[in-house]
Every structure is written in C-alpha cells, then in structure tokens.
Amino acid sequence: MSSKPNVKELLIESSCEHNSKKRTPCNAPTPGATSGGCAFEGAQISLFPYADAVHLVHGSMTCLGSSWETRTTKTSWQGRDFTQMGFATDISVNDVIFSGEKKLTGAIAYIVELYAPEAVFVYSTCVTALIGDDIDQVCAQSAEKYGIPFVPVHAPGFVGSKNLGSRLGGEAVFRHLIGTKEPDKVTPFDINLIGEYNVTGDMWQYSHLLDELGIRVLSSLSGDGRVAAIRTAHRAKLNVIVCAKSLVSLTRKMEEKYQIPWISLSFYGKRDTSDGLRSIATALGDPDLIERTNQLIAREEEQLEQQLQPYRVLFAGKKAVLNTGGNKSWSIAAALQDLGLEVVGTSVRKATEDDRTKARKYLGENGVLMMNPGAEQAKLIDDTEAHLLLAGGRSLYTAIKKGIAFIDVNQEKKKSYGGYQGLLNLAEDVKNALENPVFSLVGRKTPWSH
Amino acid sequence: MSSKPNVKELLIESSCEHNSKKRTPCNAPTPGATSGGCAFEGAQISLFPYADAVHLVHGSMTCLGSSWETRTTKTSWQGRDFTQMGFATDISVNDVIFSGEKKLTGAIAYIVELYAPEAVFVYSTCVTALIGDDIDQVCAQSAEKYGIPFVPVHAPGFVGSKNLGSRLGGEAVFRHLIGTKEPDKVTPFDINLIGEYNVTGDMWQYSHLLDELGIRVLSSLSGDGRVAAIRTAHRAKLNVIVCAKSLVSLTRKMEEKYQIPWISLSFYGKRDTSDGLRSIATALGDPDLIERTNQLIAREEEQLEQQLQPYRVLFAGKKAVLNTGGNKSWSIAAALQDLGLEVVGTSVRKATEDDRTKARKYLGENGVLMMNPGAEQAKLIDDTEAHLLLAGGRSLYTAIKKGIAFIDVNQEKKKSYGGYQGLLNLAEDVKNALENPVFSLVGRKTPWSH
Amino acid sequence: MVTLKTAASKPLQVNPLKLSQPMGATLAFLGVDGCMPLMHGGQGCASFTKVYLTRHFSEPIALQTTAVTDVTAILDGGDYSIVESIKNIRKKVLPELIGLYTTGLPETKGDDICGVASQIDCPLVYVNTADYEGGLESGWALTCKALIQQLTAETDQIDDNKVVLLPHVSMQPIEVEKVKDFIAAFGFQVLALPDLATSLDGHLGEKQAALSHGGITVEEIAGLADAGLVISVGHSMQASAEVLQQKNSFIRHLHFPHLSGLVATDSLVEQLLTETRFRHPPAVVERWRKRLQDAMLDSHFSMGQTRFLVVGEPDHLVGLCESLYEAGGRVSVAIATVNSPQLEEIKAEQVLVGDLEDAEQMADQYDLIVGNFHCEALAHRHHKGLVTRGFPNWEQVGNQLKNDLLYEGGAYFLFECANVASAHREQLEAS
Amino acid sequence: MVTLKTAASKPLQVNPLKLSQPMGATLAFLGVDGCMPLMHGGQGCASFTKVYLTRHFSEPIALQTTAVTDVTAILDGGDYSIVESIKNIRKKVLPELIGLYTTGLPETKGDDICGVASQIDCPLVYVNTADYEGGLESGWALTCKALIQQLTAETDQIDDNKVVLLPHVSMQPIEVEKVKDFIAAFGFQVLALPDLATSLDGHLGEKQAALSHGGITVEEIAGLADAGLVISVGHSMQASAEVLQQKNSFIRHLHFPHLSGLVATDSLVEQLLTETRFRHPPAVVERWRKRLQDAMLDSHFSMGQTRFLVVGEPDHLVGLCESLYEAGGRVSVAIATVNSPQLEEIKAEQVLVGDLEDAEQMADQYDLIVGNFHCEALAHRHHKGLVTRGFPNWEQVGNQLKNDLLYEGGAYFLFECANVASAHREQLEAS
C-alpha cells in the first residue's frame, strides 16, 4: 500500500475557495515565467517547525543545501532544535544509477543513533522520486526497527507549487501521525492550530491569551509543535486554521474522519486578532468563555490603544500605498489602518476574488485596487501624495524616485507583527521608515547630472 | 605641617643597593635624550591597584587623559573597580591663574557622593604643584568632612623618575594609611606584599600557595589591595618586597618604626618562585612551616616538570638572545633556562652591578653580557646560530633580517608569566614564536629586489 | 603532516556546507552582461537559488526556470519546456544571452540540451550541471568553460596588452575588481570572465533590470582569444584557461592556485614583472606590500595563539588557510565542501571533505572559525569566535565588498582575524 | 531640536575622552618627514604620549622631551633645557625639522619659546600648546598653522594644478590617503599637511628610524604657497587655510566641515568639477557613489532601528553623526571632547561636551556606541554594541587603515555599523 497522496484530489480540493473559482490548477507553472517555490519548499514550510523531529531530505544538494537554516520559526522545545539543522542524503551519480535507498537507510541509522529524534520525516525530491526510491518502505521498516514514527513526505518539487507542497505535508501528517496516540487528558476547550508556523514567534503573540482564557492548544501543525502532540490531534474540539488556505484539505479530512469542526482566521492587526479570539470562543460555544473572551479583548485593545497613542500622533494624516500579494493585500492594509494610517491603494494582482472583496471592504470606496501595480503605483503616489510605499524590493526604486519612505514587505522580519503586541513592532518599523532620510537622500541628483 | 616628603632623602635612600654604588641621583634626566616615565607615573603604578579607592589626579589632561585604563592589574574587589576608571580635575587656564583648589574640593565632593569610595588618593601634578595648590589641606579637610581617608600624593612628574614616584607613593601610604587601624586578628604568619601590583594576575599565581601554607597576606601594596588592609600593615610579621627596589625605603621605615623585618624576592621562573617561598618561610622562622614549604615546593616543581615536558622536547637545543633592561636581564633568562632553552646572551646595558652579577651567575661563563646590545645582538645571533630573540619592538628588524623568531618583551601581556603556572604561559608564547613562520616570511626578498 | 579525510563513509550530510553545481552556474552567468540564466529543472531549484543569492548579495537576482513538472518530465525531452521558456522570457525582455543549464532532474531523464540548444536561434550557451555531481565551484567553472567554448571566436592574432582573468567562484565582486585593477596597474587591459565586479558589486542602478546588469559582454567574450595572456586563479579554473588556449595557441597561460597572502601576491608580481619587463611594480603595489608585512607582524602575536577552523570551497579554502598560516595562525581543521587536488596543498593539521557536523565533533580543536553564515550557530553553541566568509552570508550586508586578496586585502583580512581572535579571548576570560 | 550641554558645571572629568594639545601637536609633527617632535615639559608627558601613540598605531613613535625638572623649572626659562635637548638629539640624528611645543608646565612658568627658538640655528618650528587649554584637535591645528607660518615662503605665483589638503587630526592615515587620491583623480597634484598617510600608515620600513619617516617634507611645506587651491577639512583647520592664504592671496580656499557620507562627498565632487570644469568625475568615483547609495539602502533597516551614542573630537564627531544620520541611524547622544562651533550642526538629539561618565548616566538612551577603546568597558557593563573609532584604540590592530570617508569609506562604515547593530540585537535576543 503506497502512502503517496492523490495529487489530483488535492488540487481540486473542494474546500479551497481559491480554486473553486478557477479553471486551471494552481500547479501549472509557465516555463520561463515562473517565480515562487516548489512543492518540496511547501512541505518544508509546513513540517520543518517540528523541532523535535529530524527532517531528512532524500535528494541532491540543491534542495537542502541552499535552504537550510532559512526559517525564523521559533520553538520552546528544550532539546536540540532540529529545525535549524540540515539533513540530506546528498545523492551521487552512483545513487541515481543504482538507487539511493541504501544510502537513505544508512542515513536513518546514523541519525537515530546520534540524534535520537522523536520522529523522522523523510522527504522525497525530484530526482529520488524519478528514480523510484521507495521511501514508504524504508520508513515502514525503520519505524519497526527503531520504534519511533517515520513519516514519508511525497512532495518532490516537480509535482507543483509551494501551496500544494504544504497540503502534501498536511496529508503526510494526516496519514502517519494524527490519531496514532491518545492524549493524557482532554479538556472541553482543546484546539489544534493548523498552518501557524510561529514565524518570528507570531504564535506567542496570542497563545498566552488562549492560555488565559483556558483554551488549550492540544497540538499544532506545526509552529512550536511536537510530534507527540500532533499524534493526539484527533481529540481536539476545534481545528483553527491560521492564515493558511493550503491546509483546508487537512481540516476537511479531519472533520470527515473525526468530526472536528474548523474555522479559518488571522491574527494580523488589532481587528483580526480580536475577531480571531472571538471566533474561537464562539466556535467552542461556551457562553462563559465567550463572555470572558470579550472582556479580555476589551482589556487588550484598551492597553494597545494606549501604547499606540504616540504612534498615532506621528502617523496622523500619513498615507500609504501597499503593493504585495495574496492575503497580505488586505491584512497588512488592515493593520496599517489599525495604526492610524490611511491606505490609499493596494495591489490585487495575484489576489483571489475573496481577497479582493476583503481589500475593498477595508480600503473603502475611494481606495484604489491596483491590478497592475508595477505600472500604477508611481502615479498613485503622485495623485494621493502618499508618504509610504510598502512593497517588495523591486519597488524600492519607485519610492526613491518619489523620495518617499519605503518598507520591504518581503524582507525577512526578525520581530513578529502578529497579535496585539506585534502591531507595536509594525508601528515601530513604519515610524522608522517614515523618519528615515535615506530615501530622499539616495534619490538626490548627482553633482554632475545637469 | 606639610606632608610633602623629603625628595632628597628618598633619592639617597641608604637601603637602595642600586644607588649605593652610584654618585649621581637617579632622577637627573638628560634633555632631549630621555625615555621613561615620570614620578607621577611611578605613583600611579604603586597606588592605582587599590581598586576600592578613587584616584583623583589634580592636573591638566596629559597626565590622566593619556594614561587611564592602561593597567592590566587585576582585583578581586567586588565593588566597582576604580583602578580601571579615570578621575581628573582637568584644570583650565582659570584654575592656573586663580588656584585649582576650589575645583579640587568640588571634585572630591562629587566623587564621594556618587562613588562612595573607601578612600581617595589625590595626586598633585607639575602644574598644580607649581601653582602651589595645597592638596594637603584639601585632603585634611575632606577627611574630616567625609570620614574616610584622603591621601595626598606628592609626586608631580617633574620631581623625577618613575622609580622615585613609586617611592613617593609608598611614602604617602606610610604617612597617611599604615598604622591608622588595627586588624581584627593577627596570626604568626602575617605578611605584607610590597611592590606586587598583580599585573595580569601575577600575584594569584602564588598567593594560593601561601594560603595553603597558612601564610596570610595581611595587606598588599598594592596588587589586589584594600585600603582597610594596608592601614593595618604595621601588625605584619614580615614585609616581602616583590621585584621592586623602589619600595625599599618604605620597608626600611616600617622596620624602624614598627620593627618589621623585610626580605626582597621574585616569583619569576621556577627557581625564583621556589626560592621566594622558601625565603618567606625561613624569614618567618617556623620549622614546621619550613618543612611544609619544602614539601609544597617539591610537589609543585614535580607537577610543573610534567607539564613542561612537551615544551622541553620542542625547545631542546634552542638558543635565545635576550635584550631587555633591569632585573628582566636575568629573571627572564632564568625562566627561559627553566624551560630548557639555552640563553646565549643578555643585555646588561642599563643593569646595576647586582643585576650583572646575577646575569653572569645564570648565564655561566660562556654567556655573553651585552653592553651595547643594539650593535652586538645581530652578530651574537650569527655567531651562536640563535633561534629566538627576546627584545623590545625596535629589535624586531634584527630578528626579521636574521629570519629568526622574535618575542616583544615589552608588549603588554594579557597572561601572567609569574609563579609556577605562569611559566607555562611563557612556554606557550615561546613555542608560538618559534613555530611562527611570519619572521622569515616577512623578511623574504621582494620579487623586484635584484 | 596533513591527513586528508573524505566523508565518503558517512551516508548523509548534516548541516551541509556543500552547494550545488546549478548555483555555481547561475553565478557565472550573472557575471555576463544582459544575461538571463535559465535553469532547466523543477521550479523550486531556481526559487531557492534566487532567494539564496538575493540574501547574500542584497541585490535582485535575474534567474528563470524551465519549470519542469512531473507531467512534462515524462512527456518532454526538454524541447518543449526550454523552447517555451525562451519564448516567454523574450516576451518581456531581450537578453544578450540565455544561459541554459541543468539540474539533476533533466540529467536523470537524459535530456539532450545540446540538441535543444541547436534548435534555438538566439544567443545561448548551454552547460550540463547535474546537482548530484560536483558543487558550486565546478558549476561555475563548467559554465565559464562553456562560455569560452561556445562563444569565443578562434583567432591567431595576439594583443600583448590584453589579459583575460579567470577568477574562481568564491572571489567576491570586489576581489575580482581588485585583481583586475592590480594587473591593470602594470599597464594591461584586463577582462574578467565571469565578471561579478561590475554586476553584483552592490551598486544602485538606474532601474531594476530583469536581466543581469554589468559583467563582461557577449561581444567581449567572443573576442577573448586575442589576449596575450590568460590568468587563472584557483584549480577549478585551469580547464577554462586551457579551452581558451585551444581558441588561440599563442595565448600564454599563468596559473595561480590562489592570490591570498604575501607569497602568492609576490609570485603574481614576479610574473607580471617578467611579462612587462618592468623593474618595479607601481608605487601603490610596493606600498601595500609594506603594509601587509606590517600587518603580518602586528597580527602575528594574536594569530600565533589561535587555532582555526576554516571551511569553504576548495579554491577558497586553500587561500584562506595560506593567509592565516603566513601570520602564524594555526589551522587545526580545514573542511572543504567537495574534493579537489588542491586539498593536499593546504597548510592545516587536518583537512577533510565534510560538513558542519564534522566541525562540531571537532569543536575542542579550534578557537576561531572562518566560514559561512551557517557557522554562526556552531560558534554560538561552542563559544567560538567567527569571521564570516564564503557563501552564504545572510546576516551581514556588504559581503560583495569584502576583499581578502593580494597585499591590500591580505592586510585587512589579518587585522580582522587577529582582532576577532583577541576580542574572543577577552570575552572568554571575562565570562 | 538639538540641545548643546557643556560639562562646565562638573568640577572634574570622570573616564575622560579629552586628550591634550601636546598630543595633537606630536601627531602633527609626525606627519612631517624627518621630524623630531620635541615636547617642552616634564619627561612624563612625552613618555605617556609615546606609549599612547605606539599602542594606537602599533608603530614606533619618534618623540623627545626637554625633561624639565623641578630644579630646572625654577632656574631655567627654557633656554637651557631646549638648547641642551637639541644638542643631545643632534648627537644621534640630524632631523630635517625639530618640532618644539609646550605642555602646561613651561606655559605656567611663562617660558618664551619663541625667543629661545630664535637662538637656534637648525630647522625648527615652535608652537604653544598648553595642556590646560584646548585639546587634541586644537593642538594639531595650532601646529599645522605654525608649520605654515614659520616654514612656508610667501609668493604670488600660482600652480593651478596643485592642491594643499589640510586634514583634521582624527583623519586616520588611510583617510588622508583616500582624500588625496580622490582629489588627485581629478587631475591635481595633492600635498597634505600634515601627512600621516605616508608616515603612520603602518608600513614596514627598511629600518627603525629614530625620526618620523614619510610625511610631507620640509621643502614641500616651504613651497606650499603656490598652490591654486587649499582644501581644509574640519572646523579646526580653517585657520591654517587662512594663514596659507596670507602667504599668497591668490590661493583659493575650499572648506568642508567633514567628508563623511553622500552629501558631503557630493559637495566635494561638485567643487572639484567646478574647479576642473570636467563634466563627470572619474569612473571610479561614480562607481563608488552608486555603491554608497546601495550601502545606504542595504543598511537603512538596521540603522533605522538603532540608537547611537557617538563620542569623539568635534571635527570627527560631526562627520560620524552625519554618516549615521544619512542612513537613518538615530544619534541620541553625541559627546564631544571639547567645545566647538561645529557642535551646533550635529544631527543628534542631544549634543554635549563631556566624558564617559556622562555617557554612562545616559546608558538607557542608546543601543550602539561609536567611540574609542575606553567605550569598551562601558559597552560591556551596559550590554551595548561597539564600533571602535577615534583615539585611542589599543585593543585592535590596523586602526590606521580604517577608512570611513567619501563614498567608499562611507559604504564600509555603514556596513560595519549595520552589521554590529544587527549582531548586537541578535545577541540581546538570545540572552
């Protein structure tokens, strides 16, 4: 019995709002006109945060050599943080010709002996998938031999996009881990966090609030996650998807198999964070919990407002243009509005219809939804006399030409923007950008430009 | 009553073997042909190691501005280490014209309030001495006002050499601190360490051995010293001068006034360290102590020999030329011999007759005592085929021309060479120099030197 | 003295240093002006590579992928995806050159990119760089060789004034520039292939180009074969020099294993003096030699007390170790990403082909690390000092402007190492 | 916005930054070839100064003292000790110049060194530099002025090709060289007075000279007045430029408060273009401008999050703060050793004349320190990052080769600050 998932099924995933409106599958990249990562990267994103498991990449050096230690996902795991380590079989010509399974088996033995992980995830990659190395069998034999879970992950890069890879990662967890262990105890307010990767500690911006409310995170896929916990995930009362549509297929399957309802939300910005907390409480359905949640929200919002006050003074009358993709097109906009900035335009080029609706809702009637931001943003800055452009690095030149402040929204952040307190980090970065003279100085004319 | 010491008396100090053989006083520098520091620097050296006292320099910026935080003398004092701080009145033209006493008084008030030191040493300097600021009076009034010792130090630079300054420092301690307090208890084996400044922790290389023998360091002038302790110094059974002839006058005065005998010794190299420990035990006169000391010496020497063994293999047959001044001319030579190197020559240019005798003793009949090392050392290296030159930075060029290893004996050391264990640090540095290819590489011909 | 150990017995890489051939090929193509590197493989390979290089250089990186999928992998021998890619690229920009190179995926399938290339009627250079063979250094070198082979015209003319410099992959842009300028100071006109000095040197361009901007031009590559002299730096580049000589047998070839430190730079000067028959090098060269001599002496005391771990690509490693050795630094462990004949020459107590797990297991044998960003965690865990060098350096800005080569760079490199070593000792002492 | 506070109310200096005038004079004389600086004062002043500079530059420092004693202080008006000193110096070496200058001691006594100087028949320049007035910067500037006043011959000839550069004291040797080279790239012949670039740049000489070696020659100083242009850098150097103009009223004068960062370098380029009527600067200048622009952008995110304490001599301070400001660095506290009109111009939240005790009391107001070696203890006690700059730096080697100026140095300075700031934040986070 192969554990290989049905890719096609995942691609036409019914719960995916994104796809329901589109004809072509997400994973048809255009040769010579493609950016964005592959399925393997997507699987990395969704599974690597398990810091107590070794993630062994069965493939050649490109897959891991260039990507390990790139993730700022944090963990409270006290053992060695395997997320920040890189393990790869580094297959050679020889392995390509004669199969890499033996090397894989050796690597597993080596890892178990030296690192004693709680589990091992084994990732197939393009070449090892192509040559037909049977990672299912190696994993099954290893699990028997070593008595810990071995999870084969079938997300070689060439099967599709990052998004698909994340689903395949979820699928592997669903097939091999969830439901394989019973929790020590259960509570009426047990939830799973799905798709929260705790990047820059995002999850910790709100997890203490859940604690305070008596809501227990039974398991997480996979931010600050533990293998032992995700094995018990089938006993949760609610699945909470955080900003990650790719894992809807997982929660749907869990709903079918274990009758766990799910909700999708975001903890980005003040309003979203409050809405998110409220949604969880409502979904759990306890009137007292709902009441306490409302009180907590009121308290947190009031405290945040006080802390934001000095920033509001600085940001009064300041206008921002936003050029980024996906759900960031409205979620960052909302957060900026929470800080008191006016968002005069946002990009919806790659957004889904749902994202566009939300963007319109947040920006209001006068907000400009840019379909071709590369061409539109400069004019929009002129027209609105905007003070700040938030976009990817390539748009920096536009900001410099206009002499306005710039924030690279793709730049790797070291501080979280999530939850209530994260908004203060965003505020600080916006303030730093607005006050930084570098943009106008860099744009000044050379003494020899006549 | 002025506390100004009689400089002339200090200069013709009878206990100073150095001077007893010379007609001219030490402190007559030749204009235009003088190196070496002044009396103020000497006072700094001897007194600054008191880390619990503030050292306030009453003068213009040259004195302290260029010299603070240059001392690697270490302390176990748990409070803030004032030795590593700089305090100066930084007098202005105005002070020069109208007297700097008011500024001094203000500075003292400021220091007492902010830093609450155990004592304050106030140093006069050339300009404030010349304009006649009365630091004695300011100190006396301050002592009364603040209830802690204030010690005026009359060692302005222009009165003479570093050596004289150290004596003047000792004199200030003798007049203002020693005998002003009784110790909590006394033991039969109480000693004072005089002239040990604990540079790079030298003192700690042997002080644990004294501890082990039951010999108590009642007070120190001034390495790792405490003001409260030096005030009780008059109750010691023995004064031990460590490598510092300048303080003989102090121990002589203490002998006269308090009947404390004194001995002079060094803890540099294996033989000197053993001799030093033995001398202290012998001077204290207890047969059991002497017996225990001999046992300890035997143990330490054996242990050291074992640790030195790998170095001895490396150093076998290696020859060294030494070009440095004063007692280093024989003490480093002795230490090098302890490591198994042959010292084929040493400089005695600035050495006293006593130093020359010692140098001859250590080097033996065939050792070359260089009177004009600048001119002689190159030839000596050729003649003896020496492998290592130990000298001041200016001699580096000789080593490079000869392509042999070099150690800058004046370079500020971070590790102690003192006691038994310090010899290992010296061994390591010698090893590093001998193995360093830099000397021959730097000396290689340029490709264009035909 | 030196024992070379390879990690052949280990069935995996843990905390790898090794990078792939396609990454090296990408970099090489980025040293050609107006080039679009086109990686033939799955879309992820290009994506990872692009992010990786963007973070190292803090620059936008031009790069495209043929985006082979599991479906096309089976149906397509490369013809469709490559041809389609070029069509799509040319819809947006018109590159001076397409740099086509493979990953392991099409190599495993057996795609014939040479055959595909012959069907394409725009400037294109192809090279096979499977990622299950070689590494960064060989990917770069193979690409350089392919550029010459496929672009440079044969000739029997010689311009004695013209020098072709072939730098190895680990030479950062400013290092390429410094070596060019050094040779140029002897009166030569110097062209570097590839030339990152003018493309990835971290300059603000007029606008964000979708193609590589700066670097050697295709026309210049075509005309390389009339150079009087080709200078290769690093073992990996010798083959490229030989290929150039095949284009014109009158070209003389000077090879330098590296240009780090006093002795190596002396030998470059010596050769250039011989070539030019000058009696002296330019004054600035003489001055920097004296400064390097002084730097060696100023740093030798700190260096002599310091045991180093050095990790990197072979051609880089041999130079770094030599520089350290000259000032008395004790390289106790040198770890190369891949094997190379050069490793035998390294002045270190132990030389091995390995990863950072090997380094970690030997952590009691060194005080200071010279290596890439990944060494930071190692340094932190084991309280070691770190001088960041090599690919990648994602923590710091300005990597492309760090020069360790020749007299000048050598002096700064020694200062940095000696200072980090001293500060590290102080810190250990204080804690 | 900026409040200038002076420490006048404090009756002392605690952990001082301030250095003395005679130290500045010493440095200035060391920038003249074959000079023997002769400090008129107690022997300790020269000894401290010599050790201080030796440790900063890791170079032997030529310096002598008149060794005034308490006895000669009373009997001698300087005649004896100075004349005797010169006699004794000349027994061993024959300097091209004796640089005679005072400390506070003879100034308090009222020695007439001008009078004494007139009795001496060897090349000598004298200058009064009491150490209870001014500081390092003024000592250097006064000496530079004296060198021109006493050595430079009057003329009314002008050589339009010739430029005199007057650098302030905090410009390290390589910085003087870089500015000279920058101006020279526009076609000028440049002489710097004083010129540490060729004396204290850390080069291994043929032998250890007892006199300063390198630097501007006495003959060159004598002939300065035919320069078409004098360029002063730093407020302290303006007076020297004016004195030079008194030697020849046809000399034009360009003044720059500092040469740090984009705007300042732009203004130098602009002036040089005007002078030369070139349409463009040399290519290398254009290139480095683009690199600085990129460096500003690459570092701005780290800089914008960082609050700086900057300490130094006024002319140095103003430049450092400007460089930081341009990339978004927030200078919350700037502390100058002494007062200067320039302090009003500094882009900082607070500017004061003070010491490191003041800095310590404000320790909650900054994250990163740019300052001298003495700031290390402060940084350590209060967990701050440190970028070591200014006099002294006794912990590190290579100080004389650190360039922070113009486009090039500015880029490296920003990289260093941004990287130290990031590493410091990481470290705080990890602990």
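A, B, C and D are the chain letters, set down in written order, and residue numbers restart from 1 in every chain.
Here is the rule we use: contacts are C-beta pairs under 8 Å (C-beta built on N, C-alpha and C of every residue); 3 or more make two chains touch, one makes a residue touch a chain.
For reference, the UniProt names are A, B = Nitrogenase molybdenum-cofactor synthesis protein NifE; C, D = Nitrogenase iron-molybdenum cofactor biosynthesis protein NifN.
Every value quoted in this text rests on a predicted model; they were computed, and no experiment measured them.
Trainee: List every chain that touches both chain A and chain C.
Mentor: Chains that touch both chain A and chain C, as defined above, are D.
Trainee: In angstrom, rounded to a whole number, how far apart do the mean CA points of chain A and chain D lie?
Mentor: So the centroids are 53 Å from each other.
Trainee: Between chain A and chain B, tell me the centre distance in angstrom, where each centre is the average of that chain's C-alpha atoms.
Mentor: 64
Trainee: Distance between chain B and chain D based on Cα centroids, please, to the nearest Å.
Mentor: Measuring from centre to centre gives 34 Å for this pair.
Trainee: Which residue numbers or ranges of chain A touch two or more of the other chains?
Mentor: Correct list: 396, 442.
Trainee: Which chain C residues touch at least two other chains?
Mentor: 204, 293, 297, 426
Trainee: On the basis of the stated criterion, which chains touch which? Give every pair.
Mentor: Contact pairs between chains: A-C, A-D, B-C, B-D, C-D.
Trainee: What part of chain A is in contact with chain D in the complex they form?
Mentor: 396, 400, 408, 411, 414, 428-429, 432-433, 435-438, 441-442, 444, 446-448, 450
Trainee: Touching residues of chain C toward chain A in the complex: what are they?
Mentor: Those in contact with chain A are residues 10-16, 18-20, 22-23, 38, 41-52, 54-55, 60, 64-70, 73, 80-82, 84-89, 91-92, 103-105, 108-109, 130-133, 135, 204, 207-208, 373-374, 377, 394.
Trainee: Quick check on the complex: what are the chain D residues that touch chain A?
Mentor: For chain D paired with chain A, touching residues are 262-263, 266-267, 269-270, 273, 279-281, 286, 289, 293, 296-297, 300-301, 303-305, 325-328, 425-426, 429.
Trainee: In the complex of these two chains, what residues of chain C are touching chain D?
Mentor: Its residues touching chain D are 58-59, 201-205, 287, 290-291, 293-295, 297-299, 302, 380, 395-398, 401, 411-412, 414-416, 418-419, 422-423, 426, 430.
Trainee: Touching residues of chain A toward chain C in the complex: what are they?
Mentor: Residue positions touching the partner: 27-41, 56, 59-70, 84-93, 95-96, 103-107, 109-111, 126-127, 129-131, 156-161, 393-394, 396-397, 412, 442.
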